[in-house]
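Both complexes shown next keep chain A, but they swap its partner, so chain B is in the first and chain C is in the second.
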Partner chain A sequence: MAKTYDYLFKLLLIGDSGVGKTSILFRFSEDAFNISFISTIGIDFKIRTIDLDGKKVKLQIWDTAGQERFRTITTAYYRGSMGIMLVYDVTNEKSFENIKNWIRNIEENASADVEKMILGNKCDLDAKRQVSKEQGEKLAIEYQIKFVETSAKDSLNVEYAFYTLARDIKAKMEKKQEASNPPGNRSGVHTLNDTDRKRQPTSWLARCSVL
Partner chain B sequence: MNFQSKANKYVCPNDRQLSLRSKLRTGWSAARSEPPLTQNEREAIAAVVKRAEKVDEVEARRVGRLVSRLEGMRRSASGPAPRSCLLCGETSKLLAPLRTCSMCQNTACPKCVIDTPPHRSPIYSRDQYMCNLCAETREMWKKSGAWFFKSLPKYILPDRRATGRYNDTELAKSLQDAGNSSNEGKTDSEPGSPLSIHPPIFSRQPSNTDSRKSISSAKDHDWTETDILSHGVSGLSLHRTDSLNQRPLGLKRTGSKGSAYSLRSIRKEVPKPITQVERPPTIPDSGFGTLEIKLAYDNGTSSLAVTVLRARGLIGMDMTGLSDPFCRLEVIPREGTYSNRLRTKTVHKTKNPEFNETVHFFGITESDLSTKSLEILVFDDDKYGCDEMGSATVALRECLKSPAQLRLALSGASGTEPTGPRLLLALCYSTKRRALVVTMCRAAELPAQDSNGYSDPFVKLHLDPDPYHKKHKTSIKWRNLNPVWNEEFLFETRPTELSRQNLTVTVWDKDYGKPNDFLGSLVLGASSKGRRLKHWMDCIKFPDHRHEQWHSLTDTQHL
Partner chain C sequence: MSEFENTDKTGDSQSELIEDGCNKLVVKCKYCGSKILDKKLGKFIMQEKELPLMQQDTRKEGEIQNEKVDQFYHVENMFTFENIGFTHTVDCYKYLSCADCDAGPVGYYDMNTKHSYVALSRIEHA
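Entry: the complex of A and B
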């Protein structure tokens, strides 16, 4: 009997070429790191099953090519994604500035319910740093997206990032279900205007300050 | 040929290959600004896509298990009745009074409900209960991902390898039985009702159609999960049928007219021989059936003759578990915008069509043979939009030296969203209101009918048959080809009735002083097929949940 899982969450990594998307995923799925740069062709994915509050959650994590010429194929994967990691490189200011464009890309192509998180990668390279942690935090506050600095090389915050995103998706799932049939609302029919449309700037900031 | 003209806009919206091609940017929708991908890059991407298909299939089977589990629970439930438990039928006792489920409002005994502790709002602090059936449905909604995708994703039912999304005879039957026992609705089997003609059939069960050749053993029926996974997922794999191997196809899943009853008797009559000399070859397929073709190349005329012989074990697309298959063939990769698509005729009401049809591709050079492939897509012929039932690709080098006869395993369509003129609508059967709630959400890419390049669309909808003769209309969205309505309409009906009703939706362009222009139509319901039938059946199976889905509009105006 094949071992099974309780939920399948589809995640997506986006960001400029060379920021370390593949490295982050490699760290998370294989717990390894490769110093050489092999730019991703189009798309790829890895699977890892994690445990969240006693539930087995299978993560299918899509890694996209940052190169412009694969844009058509990579954006095709936004739609089915429940969570998206936006990655920039703290030693590359341009990749940080581009986060705004990537966010716009998400707004145009992903589901409105998608959970997001911004990662400032390569934080081990302090000497070459061009983007401060404060800049990253400021951007995150502006867009109300969680933020963390990571290092695929030193295995810093990579686990944390994926677990956090997965946990947020699970929380959203539970909230949606509660909202869809709250005790007292007995119609069982939900209209379009309920939580689907509501976007609450909830306690993300409070939780973010733990970082 | 006529297919080509039809194909452009309205037909075959879920063409997986097309979408893949557009993703790979080798097709018409290629973004011109981006440089084309190299052959190696395309292959690398295709390999990833194929790998993902396996993950999708494992997931579809998992969701299928959830669905069938819930269906089992529902079937074995006693049914709603006053003063007794919906699930186990227990009557009210002094020490164990019945609870009312806050979702479906039915009564259930304490053993068959769960407490739903009040959350957030203290106003509802009194005890809330949910019956196990509703609780399980909710759980399924979460586990299947439907909470995110807004409708049940595709699933494959276990065991019988039924592609549950299309074959719902079993459910229809059980609904009808439920109707009989609880005096709900009228249940006399009118001839002509899709539910009464056929006894319950499982789409993937063997039948008597070819019983002479069928030496199917019990093992053939009870595929374990590992069997399916190890054999089943090699979607694009190719299997040569040489003369040694030219045995009858495994008939384990033929099922055109057989009933569950006749099937059992056959199994008794043909006991499994202990030493089975001629075991039907196990054809690794993904549960989407197989296709037999012949390829012959003639270098004198530079033509490739493709004979489509037959298909076996196709998925069922209509309520009775049958389909109206035809094949569309194309040599890929295409050169330029020139498309060279051919199709076979349609064979009606079968899952095991005999096509025996030869089509010719001209202008195929010998070098094409070593570089190109033949792509075959099997579609279900339906005037409301043809759904893809499976596809296979075969390298032309197979017939480089001599004609080849091949048996191809079909891989499933991954159910991409429709393109072209389409409608997003949500169905929800409300047990509380005893009504079908249809939300007309929006439409996209409607054709322009007015000289200003726009249309002024509105939607009419009605249920058929409907004892109340309710007809609904949305508001008119002026000068808009992508209108958003989000308007809700109620049709009073029962689940038992729903399983033989159809919802007809027509989109119109409002015109003053002349008749309104027709923009497109859609029929969802018991007599629809493919993804339209799935949407309908999901709505019946999972009441009190909103099932939202895009559907292509067809340009044929019926009624």
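Entry: the complex of A and C
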């Protein structure tokens, strides 16, 4: 069957236990007498389709299991993931301090060009806050990673965060494609003009002589 | 409960829903309308399967209440779905849920074949 999308990005939610990773992925509310079979078993991952500048992008978003700590998350865990959401809880200072450990773990185990974003979750709990927004921003600048405060409870900024991360991955990929594929060579978009036609064999020959 | 009514509605109106062996209409979540599968991307098949009810009665502790379902859309590649959730694995299966409101199971995923099956009775056509 023909491919029904332009890009497929695997994303991972990472962070200390209790920061709200599962809540960011899962929204079900239930009443007193009925419990959803789905919430009993739990969600492993979700597939979402979004539109980015006219391109159909599939996001496969993975939760990480509750007991996992950065010491135990290794290469196998990160395999294939192109984006990572680093989540801390604004009402839990320890989870914020641990973001540095998570980043180190990613640097040691994930692919070097994985795109990252920091989420300060539970920003609806202002009275219990232990980490200010400024602290979050400062950390993000230090590591040159994008940052936003979220509330999984109120669905605040969650969608925005996924769009932002996906857009950054797409931009990085397109840049790479352009670098490995000189403008005249791109399929579909570009029709050859005379100079291109003359240039093409030369660049092809140039590449051959390198081999 | 409405779970038990109307489940066979699809039997009579199959020709309105199926075209060339596939779903003629968009498959959406019954509860929130989230788009699950685009037109013509699921192959209609008949097979009898036990599927856990979407609402489990907590007063019947420790047992999972199932019902028999026999009409499905077969989807070979999981990335064909528009929006969908996959549960953790239970006995070689993952269950499918709405990506927006988490209602489910709307079907299941077979870990051995890596194929997905969406129950017609658990979704809405639009």
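As a convention for this text, the second predicted complex is superposed on the first by the 152 of 211 C-alpha atoms of A that agree within 3 Å, B and C clash if a C-alpha of one lies under 4 Å from a C-alpha of the other, contacts with A are read in each partner's own complex, and residues count from 1 in each chain.
In the analysis below, a residue touches a chain if its C-beta (ideal position, glycine included) is under 8 Å from a C-beta of that chain, and two chains touch if they have at least 3 such contacts.
Note that the structure is predicted; figures quoted are calculated from it, not measured.
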Checklist line | Touching partner for A:Tyr143 - first (chain B), second (chain C), both, neither | finding: neither
Check: If you count the residues of chain A that each partner touches, which comes out higher, chain B or chain C?
Finding: B
Margin query: By the touch definition at the top of the document, which applies to A:Tyr163: first (chain B), second (chain C), both, or neither?
Written below: neither
Notebook entry, point to check: Touching A:Arg48, do we find chain B (first), chain C (second), both, or neither?
Noted result: second
Note to self: Contact-wise, after the overlay, does A:Phe26 reach chain B, chain C, both or neither (first, second, both, neither)?
What the structure shows: second
Notebook entry, point to check: Of the two partner chains, chain B (first) and chain C (second), which one does A:Tyr7 touch, if any: first, second, both, or neither?
Noted result: first
Next item on the list: Would you check which partner chain A:Ser36 touches, where first means chain B only, second means chain C only, and both and neither mean what they say?
Entry: second
Margin query: In the overlaid three-chain picture, which partner chain does A:Glu178 touch, first (chain B) or second (chain C), both, or neither?
Written below: first
Item checked: chain B/chain C common contact set on chain A -> 1, 4-5, 8, 41-45, 47, 60
Check: Can you list the chain C residues touching chain A in their complex?
Finding: 35, 38, 41, 52-59, 64, 76-90, 94-95, 97, 99-105
Item checked: Residue ranges of chain B in contact with chain A within the complex -> 19, 22-25, 30-31, 34-35, 37, 41, 44-45, 48, 51-52, 55, 58-59, 62, 102-105, 116, 118-121, 123-124, 128, 138, 141-143, 145, 147-149, 224-226, 229, 417, 428, 430-433, 437, 439, 441, 486, 488, 543-546
Next item on the list: Name, in rising order, each residue of chain A that touches chain B in their complex.
Entry: 1-2, 4-8, 41-45, 47, 60, 68-73, 76, 79-80, 82, 111, 113, 173-174, 176-178, 180-184, 186-193
Next item on the list: Quick one: which bits of chain A touch chain C in the complex? Just the residue numbers, please.
Entry: 1, 4-5, 8, 26-28, 32-49, 58, 60
